[in-house]
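Input: structures, listed below.
Here come two complexes built around chain A, the first alongside chain B, the second alongside chain C.
Take a look at the complex of A and B:
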């Protein structure tokens, strides 16, 4: 199967007076699996519609395989699209649904039949060609939708929250299957989701959208461990952020403590030091903040404790007033209301500038 | 509490346990019993008639002619109400909010006017000195009025206009239930807008068309006033013949047998289209 690269150049889109994309640029390599991740209204779905040709950008351009898409209607773009609600044609059986794009391309009946049966076995639905869509389970319908979107060997495959309507168990299975399919076909995939786990587990790169802009692009590990903003840090998972202040290379910590920053290029002024739940240790309660060999101990109070399988998920409030999530061993037996302390390794912290907008939602407009 | 609140709030409310029984009772007394009585005539007038009325009617060429008129008009009217209704409903569906309510009002307006008034209005429009002939002569297409009244054309036009809402409404209902992402899916799979319409939109909304056609066909079978006012002698339906049996021949047996045949035809049609009607109006 052919795989093509996608180039998005400074895409701007507004609906009426509401600007939904503020100049988005992105390069997707041929064969790459890229997730567009963000909350609803962040512009990711609009971006997908613009790539598919369902919407035209107000300015900026899309090119696929080096060919500019401006003025090219969806039916001539050769792009496979998988929709959240499957969008199977209800009056056609599975085989006719999958055969639809082949029929549109004028393929002979005999060739259609071959292609349909081979793609059906690819998505493990052998022999179900004569079923009607409403006779299939949600997971099976989604497989048919995927089969229909790849049967005509599209240049790229777009998926718009394709697993959103499935239950959790099935979703994890389908994630693995889509990933396997990607490896097998080598096709370029742009995958829109608001589920950070899905984005992290499937993609070569994650593109985080926020308010019509790309907030960060990177390998899943990179965006998770080294978020470039508090928004990304927050959206990609649990964390604990400690307020601090930076003056040159000095980091002023709570409790009047000072240390030197070892990271290169420290931001100036108010910052947050951020740790993921697994990067903190839970220890016995203490009275005040202490610093020992770049390890900071902070008194904390457990607000809620939720059992989450292998870990206890603790929501804690530090003596500094900061609130965050910590993972403790499920053998720790900690209850809500208990006093504990947290041991934080300063060299593992991600240092994020506290932009004025970060604490006030909607301030950056 | 004000007086009006007391009235609307309490006194007129019926106990919930009554359910739909009052409605069924009204239907029984006002519709089913009279209909049954008329149909019963076909077996009891004259006494011990058995099926003799039916064999008499079915072998009578007059009944055959009137039955043919009825079915012919019903088929033509259904065809055109279906065709016009589908595209009118599509126009409503594709309009903005203001256009929608305007087009919808235009479609429903005839339903708020009496059938007799509407049929009579058509006689005024189509007569020799009516607006249509006046326009045709003014433009110079014809030199003298065309006799349009008392023709099949007049009956067909009148009935189409009167019955149009019965196709527009179910078709529009089926269109509002249509999932528009199906059209995006079709486009992404390589279908042009025209092919997306015919291969995806039309099949998905066909059920409304079928339901509307059924209604119009069934309603057409029982039409009386419009054919009498607008039609010529070759456009008179069975209803007119039944009326004549009762009012001039005093042959209640024949009238009952004809009514039974029309009723059976209507019920058969409804049964055939039940799936579509059920889908549009009851789900």
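Take a look at the complex of A and C:
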């Protein structure tokens, strides 16, 4: 299959007075697996519909393989789309569903048959061509949908929360299968999801959407470990954010402590110092905030403790009033209401400016 | 035997006790016509006397009855075709698209069903005379007007069951709007289209009020012919014709029911 690159240039879209995309730009390389991640209403699905041609942007343009898509109807774009809830044609059997795009392209019956059987074995559904969609399990239906979307060798493949309707176990299996399929076919994939685990585990790059804008684009590790905003930090997983203040190169910490920032390009003013759950150590309770060799110890109180398999997921309130999530070993016997302290390495912290408009969803958890 | 089984048996007996009188009450007046059509009496009378096929023989030998049967079939087929042509696209649109005046549009489409037929008939008579529409074309046009809302309603209810994402999927797979309509939308709404067609056909087949106004002595449909005959002389040929009509209508409605039942399974 020939993979093609996608170029989104300053896409703006509004429904009535509701602006859903405020000038989105993105380059997806040929053969890349890019996830669009964001809460519902963040514009990611609208973006997908615009790439597919189901919606036209108010301004801006989409190009695929260097070819501008403006004015090109969906059926002429040669894009495979996999929808949530399978969307198989219920009046056609599996083979006719998969053969549909081939039939629309006027392919001979014999060639259709070859293609259908080879794509069926690609998605591990050999011999199920004569089944009707309602005779298949959810996972099987989604495989048929994927087969139907790739059988005509599309230039790119769009997936709109394709695993949303499946249960957790099946979802994990399918994630691996889709990833394997991507590696095998080398096709460009744009994958829309609101599940950060899915986005992080599958993609070459993650694009985080918020309120119709792209918040951050990067490799999964980069967006997880170095979020560019509190929104991204919070959306991609648990964290603890400590309020601090920066003055030049001085970081003013709670408890009247001061330290020098080692990070280059420090923001000015109110900031949050952010750690992921695995970057903190739980220690014995202490009375006051202390700083020792760039390691900050902060007294904290456990609000809730939830057992989550290999770790205990603790929701803690620091003596500074900040609330966050910490992972403790499940062998540590910590219960809600207990006093503990957290040891935080200042050199591991991600420093995020606290813009006035930023709401801090993490604080509410 | 388990109690739940017994309970359900009692319930179904209770339902039967209700159902039987209702069915008898509804059907008995129509069923009276069946024995009368086999009566040896020369006038339609109750109770029927003897048993004969004479009236059926007379019916099929009569040029008038054969002609009116042909007219009825012509009118019903043509009006159903027009109703489908207009009603299917309207029903699909009403079922799949949402726009501001959707409810109003639907209300307007349904209007012919709620206006008393006599009122419609008088109005049509005036307008159609002026347009020169009568006999086959006039009747077919008039019956199509009643048929359209029936087709719209049944098609719409089928179309509402269609997942609109399927239509987008078809487009993304290379089907233009035309192909999407014929390969996806229409097959998925098939049940509604077929029952709409049967309803429209049966309605035209049975319709007497409008037909009375728009037909001429040389172009009568079966109900009009029956009406005319009953007012002239009361011989059981009418009963025989009525029995034929009754059986045909019942058969068609049974067809709709079987269709729905088989689709719902």
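Methods note: the second predicted complex is superposed on the first by the 359 of 365 C-alpha atoms of A that agree within 3 Å, B and C clash if a C-alpha of one lies under 4 Å from a C-alpha of the other, contacts with A are read in each partner's own complex, and residues count from 1 in each chain.
The definition used in the following text is that a contact is a pair of C-beta atoms (placed from the backbone, for glycine too) under 8 Å apart; a residue touches a chain by one contact, two chains touch by 3 or more.
All of these numbers come straight from a predicted model, not from anything done at the bench.
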Exercise for the section: Report clash or fit for the pair chain B and chain C bound to chain A in the combined superposed model. Expected result: clash
Exercise for the section: Return first, second, both or neither, reflecting whether A:52 touches chain B, chain C, both chains, or no partner chain. Expected result: both
Handout entry: Which superposed partner A:15 touches (first chain B, second chain C, both, neither)
Key = neither
Completion exercise
On chain A, the footprints of chain B and chain C overlap at residues 52-54, 73-75, 77-81, 83, 85, 87, 89-91, 100-101, 104-105, 148-149, 152
Exercise for the section: Write out the stretch or stretches of chain B touching chain A in their complex. Expected result: 179, 181-182, 184-192, 195, 199-200, 203-204
Problem - Contact set on chain A toward chain B in their complex - result: 52-54, 73-75, 77-81, 83, 85, 87, 89-91, 100-101, 104-105, 148-149, 152
Completion exercise
Seen from chain C, its contact residues with chain A in the complex are 163, 165-166, 168-176, 179, 183-184, 187-188
Exercise for the section: Enumerate the contact residues on chain A facing chain C in the complex. Expected result: 52-54, 73-75, 77-81, 83, 85, 87, 89-91, 100-101, 104-105, 148-149, 152
